[in-house]
Structure formats: structure tokens, C-alpha cells
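Notes follow the structure.
Just so it is clear, A, B, C and D label the chains in written order, and each chain counts residues from 1 on its own.
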């Protein structure tokens, strides 16, 4: 399902708009990198909370997809973002991780950090749902 | 603070990227409109959950700002999105509403609907923090 | 499914411990009443956030169950509580409401208020899952 | 502030009702143990989601208090619980951990596991607020 995750990610026009790219993928874990430009900012010139959340959501969704049955598709059910500090760096990394993969629901966590992965900007808890091949 | 909210919104480069515009603003209530294009989609061609969340976040933040002391600025502390059904319409409306405005924290709710405001796509609970003029 | 909801509620030993009782039930809507005693308090003598959340969770769960297929059971997937102000009244009312009932997942909202239902203490967004009779 | 956290915890009548006790406390980290009895169950005889959330909330709150300025008190602003699997064990451990301690807000995470701390039942993200001594 790693190839399926990459292919589905490539179909998300919004990830292109954000300039977001997958930099690591393995079963249950996915990292996305995003570089700042003026079109991604909030009123102080830092990354908008919506950008941070968007790449955490895609990181969770595709980390979840790598653990699902062949032919499945993935949708987000819900997610929660906590914003610890303004994301002031020029490059950010979202890491999505599967915490528990069930038959229908996959529970994930994500973070956004700076490029060194040392400064934590945001965290996410989220639930993804598997759309079965036969649906 | 209504003018302050409009001005701060206009400084969010990310809202320009989304093509998002304020269509209604009063004390404690703000509506944002966004029109679909290929750059805002997920893998099935519908609005990406991140877009929906981003405009709900800005709607909450600026609804909150309209209730704050003159000279304040606003930051998001946390928010939670529930995704009820895929946002299949071409135009979406995010409505942010202040539920309780305290001295430091402002608690908000938001929705995204289609343009008729009859089909509910997503809901948000969120907390905003007031940055005081003297800080 | 209204009788099924009442019967399942009566099996929750924890609701007895809280002295919580259903005071209203219809399809997709359920109200629970709870009276304060010293065993339900936090450090200032008000209702503990955990009590407020517990009765909102049960209110959501059983509101959800009333909308499910006959023979179903219900479990909580996730919920989020925002605490607007300390719950200082002696009697509280939790109201759970179904926002969207799907085949597998039911999305709900809840509040806790004082007995007049005029002072809002907390809000919840939550997701419930239907366990099918044949599972 | 470790003594302050223990003392405030001892004033929570609700923690007594749950039979919850602090089994570990250090700066920014707190563990609470709870043993099952019929008064803490949901309809299948497992721990009620409200019990799990209540001890995670207190674990977060008092972990947060240990990082606050002397004389402070703590209140919960919001928290989010994800329920990964039914909590079927007889003893559960809630672990609350401070992720970022700011001047006003403290961001925490928590889990509930079985007694071996190997089976993960629930996770929480939460925000706590510091009530200053002079307020």
C-alpha cells in the first residue's frame, strides 16, 4: 500500500498548492516537507495554522492508508490540532504515525516540527476511516 | 475591532492562496466564502479537509478578534474538526461564531456548508487567545 | 431504539455512581440530569470536568443509539470537551444531539448547562460507532 | 509545586469516588492508578469512557501544576480523548505529561493503559490554564 499512498497523495491538488512533498514513507509512518512562501502565511508572516493542520492531516491519512487492506481508500473522520508555538522556521516537517489500525478505523497522531525535528510546533490526534475496495 | 479583523485577514497570504474572502462580519460572527479550483482538492476532487479547516480557523480567529479589547491581536490555541460528509459543492461558506469571550481566551465554534448553508460538511470547536496591546 | 437506549443506560454502573438519570429522550436527542454531591467535585468544590464529560459522553452515545438499526450497540470513538466556565450550580443538565447519523459512524454534539439550561458550562463534539447486531 | 499538586488532588472529591490515587509524581509527569469496581463501568462491564477521561484530565492538570509558578492553581481549558480499544483490565494507569509549559497555558498529553503500561486504551491532548496567585 506504500505505492497506493504515494499515488493518492500525488492526486491531491492541495498538496501541490502547498508545495508539500513526501520525504519518508514506511508502513504506518509518513513525513511531509513544506517550504514557506508568502502564500502560506498568517498575519505575522509565519505558517498559517491551516497549513500546519493540512499537512498533518495528509500525513495521518496516508500513514493510515499504508496499513489498510489492498484496494482501500482513506478519508479523514476527525482531527484535533494543538498549536504550541508559532511556526517561525522556513521549512517544516509533518510526521504522521499510526497508533492503532483497526478494520474500519485507524487512529493516528502527527506533529509539525522545524527541519531539524527538534522544535515542536503542533500536535494532532486524528481518526481515519478505511473505504473498502468492495464499497 | 471589525476593521482590525478585516485588516488582519487581508494580511494572511494563505487566505489569498485559498481565494477566501470575508462575506459577512459583525461582532462575534464572521463568514468566509471560498470557491473550488483544482489547487484546493483531495484525491477525489473534493475540497481537502485542510482547506475546510483553514477557513474555519480564520473564521473563528477573526470572529474572536471582533470581541477583543482594542489593539489586541489573536492566535489559535487549538481546534478540532469533525468531517461529516465530503464537501462536494463548488462554493463553500465557513461561519465562525464566538460562544464565550473571556479576558484571555475566546471559545468559538464554526461550520462549513455549501453556498445555500443547508448542507453541513464540517464542524469545529476552537480556542483563541488574545494578545494584549501592551504585551 | 428508545427502549434499547434506556436499558443500556441502566446497565452503566458509572451513571449510577454519578446519580445521573435520563430526563428526556427522543430520536436523536437525550438529556441527562445530575445533582452535585461532595463525591463529584474538583478542588474548588465545583463539578469535576470529568463528571461533565462523562454525562455528555453518555448523552451523545445514547442519542446516537436511538438513530441506529435495531439490535445495534454503541461505543464512543472520540470526543472533545471545551470548558467555558466552572460548573457552579447544584444541578446540571447534559444534552446530547445527533448531528449526522451514518451507517457506521454517528456524529454528535453535547452541552452541559445549569438546570435552567441558560448558563452554558461545557460543549462536546463526539463520534460514536455502531456495533451491528451480526458482528 | 509537587506538594501543591498532591494537596489539590486530595481535595478532589471525585478522585476519591473513582478510587484514584497518585502513584508517581515528578516535575511535568504524573501517574494515577484506578481499580475497577461495578460503579465505574459502562454497559459491557468495562471502564466507562468517562472514568478514563476523568483520570487523564486530573493527570494532565496536576502534571501541569508541577510546572507552574508557586501559588498558582490550575483549571482545564479543553481536552480530547481518543478511545482505541475497550479498557478491559481490572487496573488502569493514567499518565499525564507536560509537552509545553507557557506563562498562561500548559499543553499536556495523557494515556490510559493497563497496569503493565503495555496495552494502550486511550490518548488525550489537553490544554490547562494557570490561575496566578495574585488573581
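The rule is simple: a residue touches a chain if its C-beta (ideal position, glycine included) is under 8 Å from a C-beta of that chain, and two chains touch if they have at least 3 such contacts.
The chain lineup, named per UniProt: A, B, C, D = Thioesterase.
All values reported here derive from a predicted model rather than from experimental measurement.
Undergrad: Consider the two chain pairs C-D and B-C; indicate the one with the greater count of contacting C-beta pairs.
TA: Greater number of contacting C-beta pairs: C-D.
Undergrad: With centres defined by CA atoms only, which chain is the most remote from subunit D (Thioesterase)?
TA: Result for max centroid distance from subunit D (Thioesterase) is chain B.
Undergrad: Go ahead and note the Å separation of the Cα centroids belonging to subunit B (Thioesterase) and subunit C (Thioesterase).
TA: Computed from C-alpha means, the inter-chain centre distance equals 28 Å.
Undergrad: Between subunit A (Thioesterase) and subunit C (Thioesterase), what is the gap in Å from one C-alpha centre to the other?
TA: 32
Undergrad: Taking each chain's centre as its mean C-alpha position, how far apart are subunit C (Thioesterase) and subunit D (Thioesterase) in Å?
TA: 20
Undergrad: Where in subunit D (Thioesterase) do residues touch at least two different other chains?
TA: Residues 77-78, 80, 82, 125, 127 of subunit D (Thioesterase) touch two or more partner chains.
Undergrad: Help me check something: in the complex, which residues belonging to subunit D (Thioesterase) touch subunit C (Thioesterase)?
TA: 8-9, 11-17, 37-43, 48-51, 53-55, 57-58, 73, 75-83, 86
Undergrad: Which subunit D (Thioesterase) residues qualify as touching subunit A (Thioesterase) in the complex?
TA: On the subunit D (Thioesterase) side, the touching residues are 80, 82, 84-85, 99-100, 107, 109, 120, 123, 125, 127.
Undergrad: Which residues of subunit D (Thioesterase) touch subunit B (Thioesterase) in their complex?
TA: By the definition above, subunit D (Thioesterase) touches subunit B (Thioesterase) via 77-78, 80, 104-105, 125, 127, 129.
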